[in-house]
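To keep things simple, chains are lettered A, B, C and D as they appear, and every chain counts its residues starting from 1.
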Amino acid sequence: MIVVMDKNYTSDNINQVVKYIKDKGLETNVSKGKSKCVIGILGNISVENLEKISAMKCVEKISKVQEPYKKANRLFHPEDTVVNVNNSKIGGGNLGIIAGPCAVESEEQIVEIARQVKDSGADFLRGGAFKPRTSPYSFQGLELNGLKLMQIAKAETGLAIVSELMSVSYLDEFMNTVDVIQIGARNMQNYDLLKQVGRTNKPVILKRGLSSTIEEWLLSAEHIMAAGNENIILCERGIRTFETYTRNTLDLSAIPVVKKHSHLPIIVDPSHGTGHSQYVESMSMAAIVAGCDGLMIEVHNNPKQALSDGQQSITPNEFDKMMKKIKLLSELDRNLK
Amino acid sequence: MIVVMDKNYTSDNINQVVKYIKDKGLETNVSKGKSKCVIGILGNISVENLEKISAMKCVEKISKVQEPYKKANRLFHPEDTVVNVNNSKIGGGNLGIIAGPCAVESEEQIVEIARQVKDSGADFLRGGAFKPRTSPYSFQGLELNGLKLMQIAKAETGLAIVSELMSVSYLDEFMNTVDVIQIGARNMQNYDLLKQVGRTNKPVILKRGLSSTIEEWLLSAEHIMAAGNENIILCERGIRTFETYTRNTLDLSAIPVVKKHSHLPIIVDPSHGTGHSQYVESMSMAAIVAGCDGLMIEVHNNPKQALSDGQQSITPNEFDKMMKKIKLLSELDRNLK
Amino acid sequence: MIVVMDKNYTSDNINQVVKYIKDKGLETNVSKGKSKCVIGILGNISVENLEKISAMKCVEKISKVQEPYKKANRLFHPEDTVVNVNNSKIGGGNLGIIAGPCAVESEEQIVEIARQVKDSGADFLRGGAFKPRTSPYSFQGLELNGLKLMQIAKAETGLAIVSELMSVSYLDEFMNTVDVIQIGARNMQNYDLLKQVGRTNKPVILKRGLSSTIEEWLLSAEHIMAAGNENIILCERGIRTFETYTRNTLDLSAIPVVKKHSHLPIIVDPSHGTGHSQYVESMSMAAIVAGCDGLMIEVHNNPKQALSDGQQSITPNEFDKMMKKIKLLSELDRNLK
Amino acid sequence: MIVVMDKNYTSDNINQVVKYIKDKGLETNVSKGKSKCVIGILGNISVENLEKISAMKCVEKISKVQEPYKKANRLFHPEDTVVNVNNSKIGGGNLGIIAGPCAVESEEQIVEIARQVKDSGADFLRGGAFKPRTSPYSFQGLELNGLKLMQIAKAETGLAIVSELMSVSYLDEFMNTVDVIQIGARNMQNYDLLKQVGRTNKPVILKRGLSSTIEEWLLSAEHIMAAGNENIILCERGIRTFETYTRNTLDLSAIPVVKKHSHLPIIVDPSHGTGHSQYVESMSMAAIVAGCDGLMIEVHNNPKQALSDGQQSITPNEFDKMMKKIKLLSELDRNLK
């Protein structure tokens, strides 16, 4: 950590900062230039203590040198994390394919889609029972009944099930029904929710917030890990930019960046990322060769009748064609490494 | 609402869309151009039903004509909403000044700051008991004990108290202790929390999300209002942009925009909005003449020792000087109207 | 085009708008709802005339139905454009690989790199002679001498050469030396420059502006095409967002979006797009399977001695390995279609 | 400047970096921590030399300590710059009010508006003769004839005239006709144009680019100053964000930020900044109390007939009312200092 002194610094100011740091049991290195003075802090200083330094009048700014996350940091955990869900694995070379409708609508719908995506090679069934909707007047999901229908689909197909948890009040129900808890983009910094799922051992898919930096995203993972749960799968789902031809801007460079900084697996959701079914296949294929550990794809047997997000869902038939390409690509990709 | 047909549309496609809309009990207007056809929908169509239309292959896109929020919409409620808190009012020409530290740290600290900001003319005391922190290793607040200290400060000064609620589990404690519940930027789309505070009659400060459009913000207010609570104060606190010289970009144009579209009062937080104490006074004054209904200012008696956000807190002395200017400005501003 | 009337519209207002439109020789369709009235305009109305409508007090807003670009629009030109440069082609299934240093530094440097990238399979040599630099104190390029060195490298290798034109004053020199003129991101809306290159028949690479929407980018292509030059290659090179782990956010979804809306070829520059050499290979591979028509890659024989952008340049050896993978990928990709 | 070494650094690596820096005639300070090593550079290192360091494999990153602009930097020039234009001044407590239409349309139009804005207290007349338009099919301005009409309006009223220069080819004509050359947002990084106006002594209004940081903006001013022209007025005109209720997001915090970092005057254009005439007055007043040195306001005698940007222009009558308020505000503001 580096403290940059104000241009009007005096020797007293330097002594004051150095004393403050030494009082915390840390060492310093002072470098005086002609119009600037810089003080290096050696060792681990906590965030609160840093903020106090930056509030001193004689300090211009503070520059970080190390990443603020530890458990999620590849530096301290060089091996890829592999998350196990029932008999499937995600991470460390294992590709996890999650498919299903945006929202669970009926037993017939969810079971039919589950069968079809399983036939095409999916390992996980996604389906929203509780839906976060921008408008209070939109369809909010079938709620607990939706979870029951997911379980029926699981019983029929053996697919592991993934659903979004929006409220700590339903955590117990989710523990008993789903195989993976999804935390949505809007709740990426709902720290109460992160802490509660962190106290379980249930695998968690943590979606990137709409305008979260990768550092903030890894810090949200750190919140879950600090509470005890290390079974985390990151999910890139597009960030907010000024572009309007796509719903969000899918940040595929997040894949190699996360791989560099963290050991956690990362999957990609091109359905929310682009918002248009016609762009899902090309972005899925791109994500695979960019090195992701899986995909989350919206599949609906009747997109134009879907109760939500129909315009970004592909059909089971389109999914099947895409999966064939993905298998070939991912084989080639493995050979190229 | 306008449906724009795909360029390859057929008469059958038009009939299909028109039939779908008429089956919902609504009327249509069809306009055929040379290469485009547009269908107007007259009346109120729900969001789910719209999504189905946009998923039809023959439809290129849908354009909204009306705002999606109703209770928060000035169109249906032309008079300014005035929120009453104990003996103070915010909105409709009443300026509410909220001041205090980012975090409650001790009885001595909160009571001293409370006395000073009251002397300078503040009506409300802010103070964080539960702190949303990006890192799990930062100071998380004094929690329930913080609320108790706020109550002591209230007993000493009579100031109404404002504190941030992050978890529905603490709603009962907040109902019994604070005068205004603050929903932070990170929780602006935590719909579970919005719905729960919506079921109370406690005044709510709803901060704008870091990358939320004004429309999304008003829709979050609508979530609270739809649940029954109309005592909402909006708070602009800066949005995320590419600029790095400020912590966020304070969007003061949100003030006249909100005034046009909604009847709800809007206040401004220049401390988080800029992230630097030296910019707080100029942005506060600008917000006043732009027409805001109040300010939320971080004041700390010892910023360099503050446990959080010291660099953006002003001292009680700086606050006092600023309040004198604000009184003059706000008098002039009233005369100019 | 759709005109949405203000909620307080009168019949006179409608007549006024309708008359204005009819006077331009166009037809209208009026749809009156309970609290809104919408007027459709059939036929082609110019942008200036539209702006006048939106300034009328009785008009709330205007919604576009058709894309504002015509020559660049796939709607009116369904076949892929193929740009021919000497013996190479870009677009319509032909992949163009452009490689070379950020800046030309010396004859030895540019000739050595040219030989190496040619051996690995590149068709084009890039090299900056005139460099747009944020700071006036940075290295500005070898200027005209740089172009001469590029010609030497062309004579040695036969590679077509690509260099950035920043000023109309040098257009003649560029016409006589380079095979493709590059317009950089900062000049994407330098309309004087666009118009001048539009009057030539030289192939142009048009980079996307740092914060340009795809629509604005296609409109800049339209400026060149409207002046007479249709040999345009679009180049996605990352957009500005809040993310800091990458220099820009590479928007790979721009590939299928451009393919849908335009017939022009699109290539990708992952070197500027990510800003880090270690992310270049994965993003290049992703761009290929996403359907791009080529790549522009910074290659330097000694990145740590490069006079600019060394941190994002790969070595000839890394480029060679990547090209082998790209050939395999692109074969597979062709088979998958 | 701080060099952060890679975690796998060796003593050899340190020696290599230190030697490189010392060879440039600069001194270093090495601070070794447990898992990190940091090297401070004392003195002024050029940007190219820095880039070479950051490309070394053993270096993780480089952190800047000093601002990269010098002539524009308040650190080296503490007094406010005052720009003199004929008999008017902008900066150092002198408010410059610039008003007029987006585009010059006719002699009658420009002379009438000039008279009216002069009567209300404007010092400068703005008017576009050459218009940068996103679409090549929009009205491009009256070009040289527009400049002649501006001169007629100047002869009638004595107002100094301001017009946008888009091409170096017209620099001579501008030198002979306008009093202030405006560089538009799209050309903020057109370095060829900056350098050419830098070689004159004509006052320049430099608009902030649509997505430029304040640092980049000051560096563009530095380009002009480095070429010899120090008569620069910065103009904040809104930045691009995700918000859609306003055309751009007007960044009023840029005023105190620029005042802190630079001695150059800064004015505000709320017409482009918000894109809606109804928000111009409140944002103008806010800009004044935030400390700006002037305003640039679009005024049109017949906004609904304007050939461009009618929806953001106010009428001469609205301008007159606003100017009365601004005089009162600015008097109060002076007294408050």
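Following the convention adopted for this analysis, a contact is a pair of C-beta atoms (placed from the backbone, for glycine too) under 8 Å apart; a residue touches a chain by one contact, two chains touch by 3 or more.
The structure displayed is predicted, hence computed values, not measured ones.
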Most remote chain, CA-based centroid, reference being chain C: B
Rounded Å distance, chain A centre to chain B centre (Cα mean): 26
Gap in Å, rounded to a whole number, between the CA centres of chain C and chain A: 31
Multi-partner residues of chain C (each touching 2 or more other chains): 211, 240-242
Graph class of chain-chain contacts, one of line, ring, star, complete, other: complete
List of chain B residues in touch with chain C within their complex: 2, 4, 7, 29, 31-36, 38, 40, 42-43, 63, 65-66, 75, 240-242
In the complex, chain C residues that touch chain D: 46-48, 51-52, 54-57, 68-69, 132-139, 166-169, 186-187, 189-192, 210-211, 216, 219, 222-223, 226-227, 240, 303-311, 313
List of chain A residues in touch with chain C within their complex: 211, 213-215, 239, 241-246, 249-253, 255-257, 260-261, 273-274, 278-279, 282-283, 285-291, 325, 328-329, 332, 336
